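You will see two complexes here that share chain A, one where it goes with chain B and one where it goes with chain C.
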Partner chain A sequence: MVTCTGCALLCEDIDAVVENNRIKETRNACRRGAAKFRGCKNRLTPSVNKKQTDVDASIKKAAELLKTAKSPMLFGWSNSTCEAQAKGIQAAKKLNAIIDDTSSFCQGILIEKVLRKKFRTCSLEDIRNQADVLVYWGSDAQDSEPRHLSRFSYFPRGEARQRGYEEDRTAIAIDVRESNTAKICKGHFYRIPLKGDRELILALTDALSGKVPAYDTKRILELANILKKAEFGVIFAGIGLTYSIKDELDILVALTDRLSNFHILPMVGHYNMRGFNENLFKETGFVNRVRFDGKAVHDNKYAIVEALRQKAIDALLVVGSDPLSSLPRSVLPHLAAIPVICIDPCVTLTSKIATVTIPAAVSGVESGGSAVRMDGRVIELSKVVENNYLSDAEILARMMEGA
Partner chain B sequence: MGIDVGKFLKAPEYDIRITTYRDIFQIEALEQDRFGEEYKKLSAAVMMGKSDMDKMGFKAGDRARLTNNNGSIVVEVRATRREEPGGIVFMMNSPWSNSLVSDDTRGNGIPEFKNISCRISLTKEDITPLEKLIAF
Partner chain C sequence: MPTVMELYQLLPKTNCKKCGESTCMAFAVALLSRKKNISECTPILEGSFKKQKEKLESLLLPTAGAEETGMIVHPELCTGCGNCVVACPVDVANDPKGAAIGCAPTNDKVIFRVVDGKVIASNIKECRRFGKNRVLCYACIDPCPTGAIEFV
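And now, the complex of A and B:
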């Protein structure tokens, strides 16, 4: 059995059938995971200034660019092993660079609250064994973490939930869209208007305090009643919820303070985003957006979106990420105007404009290591097939020898 | 021979808000080939409820131009399976939707990826190619 790096569930029960050092088939994997094992159509090749070269030359050039830059940023990391992330943090220290990851515009603000112990959270095993009320809030697990419901949350028969979803568990979806997860929740789908999360949280808080909620009274009281009766409740906080209340996450914490049996679990897509947050937090006390300058300084201006918008960086190392695909297009002209070094197994939009490209092994398939599951458990990654690609960690180690 | 006056008239524009989401088939296409036709087919599309389509005169398979101060793209119109609240349309998160996302985060570093205001109008132009989105 091997571990899947398709998402942050890091499923460890994948049966990969290998023939002639190639993965012929995967069993147990979801569509997302199977795609990860199949790999991409276009593998990245080493290049400098868009001319083909060898890996050594591209690593050497990358080191040169980072060393001569005045304000470099090292970005990506959510699709890298913990070992590569540790190398990246050390590199940022050595270079006096900014380091940020995709959690900067994703779940970082919520994971930071987990690490600072601002609310109760729990493990996926706790959920499988104990949870009776499951709230998928702004989260379509069926599409983003596709085995969440079947392995951990809704369908399994856990220790205290022997009658499974048929009798022992209630699944609730709160969303602006009837997602595939919402369809499973059937009678417990609470559709809210765009940016309506705040109003719902406050209405629920009122209902739980014995006040009459300001709107949709009957439905809100019905939902509050289900939450109140939970023996072990979990709010699966998706990116839809986090984006909607990003400036006032404390209202969510205040809601769960009124629900003594409730936990919050941030839903994470990229397989090791939480790993980066934990590793940087251990080193600096911050989960992202850090500049090293003798000491670690955290500021929102070190978020990749802000740094690009302010044209505050003059070189960018991208590891296992595709900012050209995932960032607002309006910040991209600056990215395209500075030297970009792209480390990735595959050709990406970012690699197309990069000054230097360095092909890497696919972690969890062509290289091993470790990663942190969405609930904080460390999981070992397997090397399933042998080839000559260097891992992210090896590339970074060699790059820093020359920097 | 008469003059086709219609071709000189600008298609009416409507104000809408886009919310974005992830889809497992699109994620699979992204993993396999982000430059491929399947990824483009799934990403360069706007999903609309029937009442909005009727009101705005769109049919499934039409092409729509989505425009705001941040960018302008042409995508295919698709119908959602169920009725939706008026004025809200859906797109899978991708470089197409990101073309319309503002970089003004009020300093917090998190753009409004899921709440994009723009104008929509019918067009006969081709769907915006990915290459155009990464040309600077």
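And now, the complex of A and C:
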């Protein structure tokens, strides 16, 4: 049995059939996981200034670029093992660099609240064994973490939920569109307008405290009743909810405080995003957007988007991420103007414009390590096939020897 | 998936009984449930029905891969989420420590398993839609949001 690194569920029950050091077949992995095990179509090759070279030369050049830069930034990390992330944080310290990861424009603010213990959360095993009311809020778990519903939340039979989804569990979807998760929730799908989460939270808070909600009274009272009767409820807070109320997350916390049996679980996409947040939090007390300058300084201007917008960085190291395809177009010109070092197993849009490219092993397939699941449990990753590619951690270690 | 009426419209509609069924409508029902073959309708094999025969064959093409219970899994729609693996009552009864609690199946008695990111059906004789005491079970169709599982 091996661990899948397709998403933050880190399924440990995957059966990979290896023949001649190649993965011939995967069993139990979803389509997303199976694709990860199959590997990339276009493998990245080492290059400097778009000219093919060997790995040693590209690592040497990368170290030189980072060393000479006045304000370098290390970005990515959500698709790297905890070991590589620790090396990255050490490198940022040594280089006096800015370090940020994809949680900067994802679930970072919610995970920070989890780590500061601002609200109740629970493990996925608790959900499987006990949860009876599941609220998928601004999250399409069925598509983003395909095995979430079948492995942990809605369908399985748990210790206290022996009749499974048929009688013991109620799934509720709150979203702006009828997602695949909403299709499964059927009668309990609450469609809200864009940015309508705040109004719904306030209306629910009203309903729970005995007042008449401001709109859609019948449906909201019905929803409040289901939430009130829950023995073990979970709100799966997706990025839709986090984006919509990012400046006032406290109203969500206040809502769960009113519901004594409710927990919040941030839905994480990348397999080790929570790992980076936890590692950096242990080291500095912040989850992302940190600059090392003797001490760790946290500021919103150290977010990748802001740093690029303000042209505050002069070199960028990208590890296992593709900022060129995921960041807003308005900040990209600066990305093209500075030296970019790309560490990735596959060819990406960013690797195509990068000054230095360094091919890495696919973690969880070609290199081992550990990662943190979306609920905070540390899971070991195994090496399934042998090859000569260096892992992210090894590349960073060699890079820092030269820097 | 074609309907009985669509198939009937393309048949000769003469109720000649040469196929052994009493009416062309009965033959259309038998065609859809794969109990009869188009070639058993002798009038349609004659030249004047050539176009209708071709249309019938193309309509019946999707049902060709169906299991004995009429189950078809569309691999292009399947995301391998495994909802059907865990929801199927037969899987739950046959594998209480594996599929029933959301984990990987631990034995070969289960009907559904996910291979290479797509679900495949085996042990089809265990399906509740099969055999003498069959029931109209929807447990694998209902949890599939993409409509990858179908019965014909």
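Following the convention adopted for this analysis, the second predicted complex is superposed on the first by the 403 of 403 C-alpha atoms of A that agree within 3 Å, B and C clash if a C-alpha of one lies under 4 Å from a C-alpha of the other, contacts with A are read in each partner's own complex, and residues count from 1 in each chain.
Please note the rule applied: a residue touches a chain if its C-beta (ideal position, glycine included) is under 8 Å from a C-beta of that chain, and two chains touch if they have at least 3 such contacts.
Owing to the predicted nature of the structure, the values given are computational and were not obtained by experimental measurement.
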item	value
Fit or clash between chain C and chain B when superposed on chain A	fit
Which of chain B and chain C A:L194 touches, first, second, both or neither	first
Which superposed partner A:V378 touches (first chain B, second chain C, both, neither)	neither
Which of chain B and chain C A:S326 touches, first, second, both or neither	first
Contacts of A:G240 with chain B and chain C, given as first, second, both or neither	first
Contacts of A:V18 with chain B and chain C, given as first, second, both or neither	neither
Where the C-alpha centre of chain A sits as vertex, the angle toward chain B and chain C in the overlay (nearest 10 degrees)	70
First (chain B), second (chain C), both or neither touched by A:S144	first
Touched partner set for A:A214, first chain B, second chain C, both or neither	neither
Greater residue coverage of chain A in the superposed arrangement, chain B or chain C	B
Touched partner set for A:A35, first chain B, second chain C, both or neither	both
Minimum distance between Cα atoms of chain B and chain C in the superposition (Å)	7
Intersection of the chain A residues that touch chain B with those that touch chain C	30-32, 34-35, 142-143, 146, 180
Residues of chain A that touch chain B when the two form their complex	30-32, 34-36, 38-42, 104-105, 109, 140, 142-144, 146, 176-180, 193-195, 239-240, 243-244, 246-247, 269, 289, 300-301, 303-306, 308-309, 322, 324-333, 336-337, 346-349, 352-353
Residue ranges of chain B touching chain A (in the complex, touch as defined)	17, 19, 21-25, 27-28, 31-36, 70-71, 82, 85, 88, 90, 93-95, 98-99, 101-103, 105, 107-115, 130, 133-134, 136
Chain C to chain A touching residues, read off their complex	78-83, 85-87, 92, 100-105, 113-118, 143, 145-146
Parts of chain A lying in touch with chain C, wherever the complex brings them together	1, 13-15, 25-35, 128, 142-143, 146-147, 149-152, 155-158, 164-165, 180-181, 183-184
